[in-house]
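Contents: one structure, followed by commentary.
Per-chain residue numbering starts at 1, and chain names A, B, C and D are given in the order in which the chains are listed.
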Amino acid sequence: MTEPAVGKAEGTTSFTDIEATICHIAHTIEEDKLYFVQMAGPPLMALLLAKRMRTPGVGYVVEEGAVAPRPNFPLPRMMLGASRSHYRSVAWTSMNMVDAHAALGFMDYGLLAALQIDRFGNFNSTFIGGTYEQPDRRFGGPGGANEIASQCWRTLIMTKQKKRKFVNKLDFMSSPGYLDGTPGARERVGLPANTGPYRVITEDALFGFDEATRQMRLIGLAPWATMEGVLAEMEFEPLVADKLERMQVPSEEELNIIRADIDPGGFSTSRGQWMTIERASGRRTA
Amino acid sequence: MTEPAVGKAEGTTSFTDIEATICHIAHTIEEDKLYFVQMAGPPLMALLLAKRMRTPGVGYVVEEGAVAPRPNFPLPRMMLGASRSHYRSVAWTSMNMVDAHAALGFMDYGLLAALQIDRFGNFNSTFIGGTYEQPDRRFGGPGGANEIASQCWRTLIMTKQKKRKFVNKLDFMSSPGYLDGTPGARERVGLPANTGPYRVITEDALFGFDEATRQMRLIGLAPWATMEGVLAEMEFEPLVADKLERMQVPSEEELNIIRADIDPGGFSTSRGQWMTIERASGRRTA
Amino acid sequence: SLLVAGGCVSRIDVGWMESGPVINRAIKEGRIKLIEWSNGALAYRLLAGSLGVPYLPMRYLGGTDTFEQSAAKLTQDPYTGKPICLVPALYPDVALIHVHQCDVYGNARVFGAGVAPLEMAMCSKKVIVSTEEIIDTEAIRRQPQRTTIPYYFVDAVVHAPFGSYPGSTPGLYGAHLEHWLEFAAAQMQNKTDDYLEKWVHSVASHEEMLEKRVGADRLEQMRQGETVQEGYYD
Amino acid sequence: SLLVAGGCVSRIDVGWMESGPVINRAIKEGRIKLIEWSNGALAYRLLAGSLGVPYLPMRYLGGTDTFEQSAAKLTQDPYTGKPICLVPALYPDVALIHVHQCDVYGNARVFGAGVAPLEMAMCSKKVIVSTEEIIDTEAIRRQPQRTTIPYYFVDAVVHAPFGSYPGSTPGLYGAHLEHWLEFAAAQMQNKTDDYLEKWVHSVASHEEMLEKRVGADRLEQMRQGETVQEGYYD
């Protein structure tokens, strides 16, 4: 799908689902906290957007060992080449070093993407369909997701609001959420105590986790989304908060920064599903 | 004891037992090998002497992480201050890093000093006399000796030719030789295979170890020393090689380098027992 | 993918791998076996290898299918009695490590953040360092702090300017984006044989590949494409 | 010895310690308890702590009385079945680390070879960095490779020129040899109380000690006594 041709109605704005998710995540980023972020892609873009817009003092660390960089925009296409994304770090270290920083509890938040997620926030990035030996489609594997999801205090996970993403049973549990949801499940397999998934973010919705049952709970909706629409795009039924937060429509400034600086040429972000939203109402017009 | 007054007989030379041992060790140093050497003191001095005199390409690593330095002579007194002893290293690392290099088998030789040693090359640097809880005299402890003696392929150990040094039973086994001397004794306690003590060097004698029984064996004598004299200064009786190597008399050049550059002021080396040797015969005159 | 396409691979320890039709097919046909890890777990296994120990305890992997498909073990910490995951050391047969600067003995400098070049050099049985630049040993000795890999871990040094091609060497040249797109297209169109013929089999050396398939102009563009030098060579 | 003389110590994990009459007496009188390690084993325990794991396997200590008087354990490697020694992680309550340069956030640079400043910073519950010089954060960011300790491990930064006194800070100033001789003599003559009075109790601060007990001339001599700058600040 491509961006709607010029001449879209006044008072509307168009963006992809990926751009929407990036903006939603960016709105959750907290100033002065330290984030452990997957090497590339939308999670990192979301953090960079927040850093540009609202939280200049937020720190982040990437797997390959750059600590708290202040990237040189625009970033290179496809994020190839480290020099601009590692620019003005406070330290250049290595993968084992930053993983140890996470093991020690210095990472407030983890930030990553999932192919499939279950009600306890466990997620898959390994294969979809078929069996492990005969997968329909093999993906890259957890990459740095396992260490991030295991070791950070709170993990933020992005995915798409699709039934095939929110599943009853993962094809493969690449990285841990709350495992079977029982108390102490993570601790029993050697993961650091009191860590776990905190938010799941899609283009349409924001989820948290119930403290007692560890089940996913819908806590926010994009202005253009409905609870029914979101639930229809999930295999399992999440808990639902009493009051749902109304998420924001991506601003033109945010979209401009994404398109001009963070993902110039839109290699990642423009390939999603386009939508057009009426700014005033937040309703979808296309 | 102090250095004999000027006016010593022509054709003689005077030095301390420590200087003699340093020179003896220096003669065993092999070109292009890598040595792991205790932080300071006579073992390091011996290596530096060899590097100056005969084996410029020998490499050494010290505990605190300097790799293959080319020291800036004269070294500071009491070896206080790292900059001159770490000068022109090929890498500056850390203690854990060089210990790992040793664990991996990159250190050909270890080089260190012992307070007490037994027939299997186990040695003590912790306390002398009394019990562990009520020691007569407590010393510094193994320092880096345990990791050196455990992990290097071959360990060179210096001590003095005194009955209280070569004992039947150590007051404390700080660092391992061949333990109880049985085959595989080191491997059974987790030490790297095929490692162990190789030479013991005193002012008067040179010892190796029997491959089968792992017992210490006398293999060399200083020109001024006799086998009887050496055995009289050992609690246990070592094996004796069929043919004893005749060790060299320290040369004036060696002594000058020690006194001017390696231990300027003689803080360590001049405090030993002085002896005067007739150069031609190698016999002791005082 | 290229090594799989070329039939050079029978087993992969996976942290993250570039996936695609070539690997998909090889898995299904049983030509390659995968063992699951994560990027960090593989780097950590290199760390174990670099410390000369048979395994290391670590704080992740446990509880997942990744763990089940790995060789990690869940054990009890003998000090606290709590569960802890162990991973075995990795001792690769050969490591190929590309660096910014190196002397003829193998004292090597890698500038910038990186995965685990030192651990890799330490734990591998044979280490080949390729370098953008050979520098004098005296230059190494004047700045010992900058040495990443000391000489005794290195078995061979190869002078290979643009040795990261089509990738980048930070501070020196950028990546060749079009090459990556060409490679992706070849994979999608099932034309990896053509790709390998053009870029590998039809050229005798790395230098010939750079000269005939890339060209001096493009290499110069890659140099100019690296806009950041700060922090690397200074 | 001074901390023991001052009655501040009840237990020491020993790698190597400066021994002498003060410590000898304290041991015999049962006022301090020692636990035996080695320099490397203690640094390795800091490494364990810095990795966030409860223990690490290692290739030494086993077989000795040192091992018996330590908290190391001899276990079986679950991968190979071979014996391997384990040591527990060290998590000090407070670390005092002196560095060459540091910014106000605690991003710190230590130049030269060193025992384990980074591991110490990582595993300690509270970290106080004292620094010869406070530098601008932009200077830190321009050369990220030179940072030894990133800010988030550091709880407090203290500007303390000559903070290594009477020791040296390599590349900047040499040690004060006479002070060490004075200290050794005080110990031998059983006069550590006098020594403590002169150098510690009678001065209100590190600065006052430097000014009144050492003096500007001597500090300048210490600076000149450091003949090697190469490799540290460049």
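In this section, contacts are C-beta pairs under 8 Å (C-beta built on N, C-alpha and C of every residue); 3 or more make two chains touch, one makes a residue touch a chain.
What you see is a predicted model, and the numbers here were worked out from it, not measured in a lab.
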Contact-richer chain pair (by C-beta pairs counted) among B-C and A-C: A-C
Farthest chain relative to subunit D (centres taken as mean CA coordinates): A
Distance between chain centroids, defined by C-alpha means - subunit B, subunit C (Å): 42
Whole-Å separation of chain centres (CA-atom averages), subunit B against subunit D: 27
Where subunit C and subunit D are represented by their mean Cα positions, the distance between them in whole Å: 36
Shared interface positions of subunit B, touching two or more other chains: 66, 86, 88-89, 92-93, 103, 151, 192
Where subunit D touches two or more other chains, by residue: 51-53, 58-59, 82, 84, 112-113, 142, 144-145, 230-232
Chains grouped in pairs wherever the two touch, ordered by label: A-C, A-D, B-C, B-D, C-D
Of all residues in subunit A, those that touch subunit C in their complex: 62-66, 72, 76-78, 80-84, 86-89, 92-96, 99, 103, 122, 126, 132-135, 137-147, 150-151, 170, 172-176, 179, 185-192
Subunit D contact footprint on subunit A (complex, rising order): 34, 59, 66-68, 70, 86, 88-93, 100-106, 151, 192
Contact footprint of subunit A on subunit D as seen in their complex: 50-53, 105, 107, 122-123, 137, 140-142, 144-145, 147, 150-153
Touching residues on subunit D, where the partner in the complex is subunit B: 14-19, 23-24, 27-28, 30, 36-41, 43-44, 46-47, 58-67, 69, 74, 82-85, 112-119, 167-168, 170-171, 174-175, 177, 180, 225-228, 230-232
Subunit D contact footprint on subunit C (complex, rising order): 51-59, 73, 75, 77-80, 82, 84, 86, 88, 111-113, 142-146, 230-232, 234
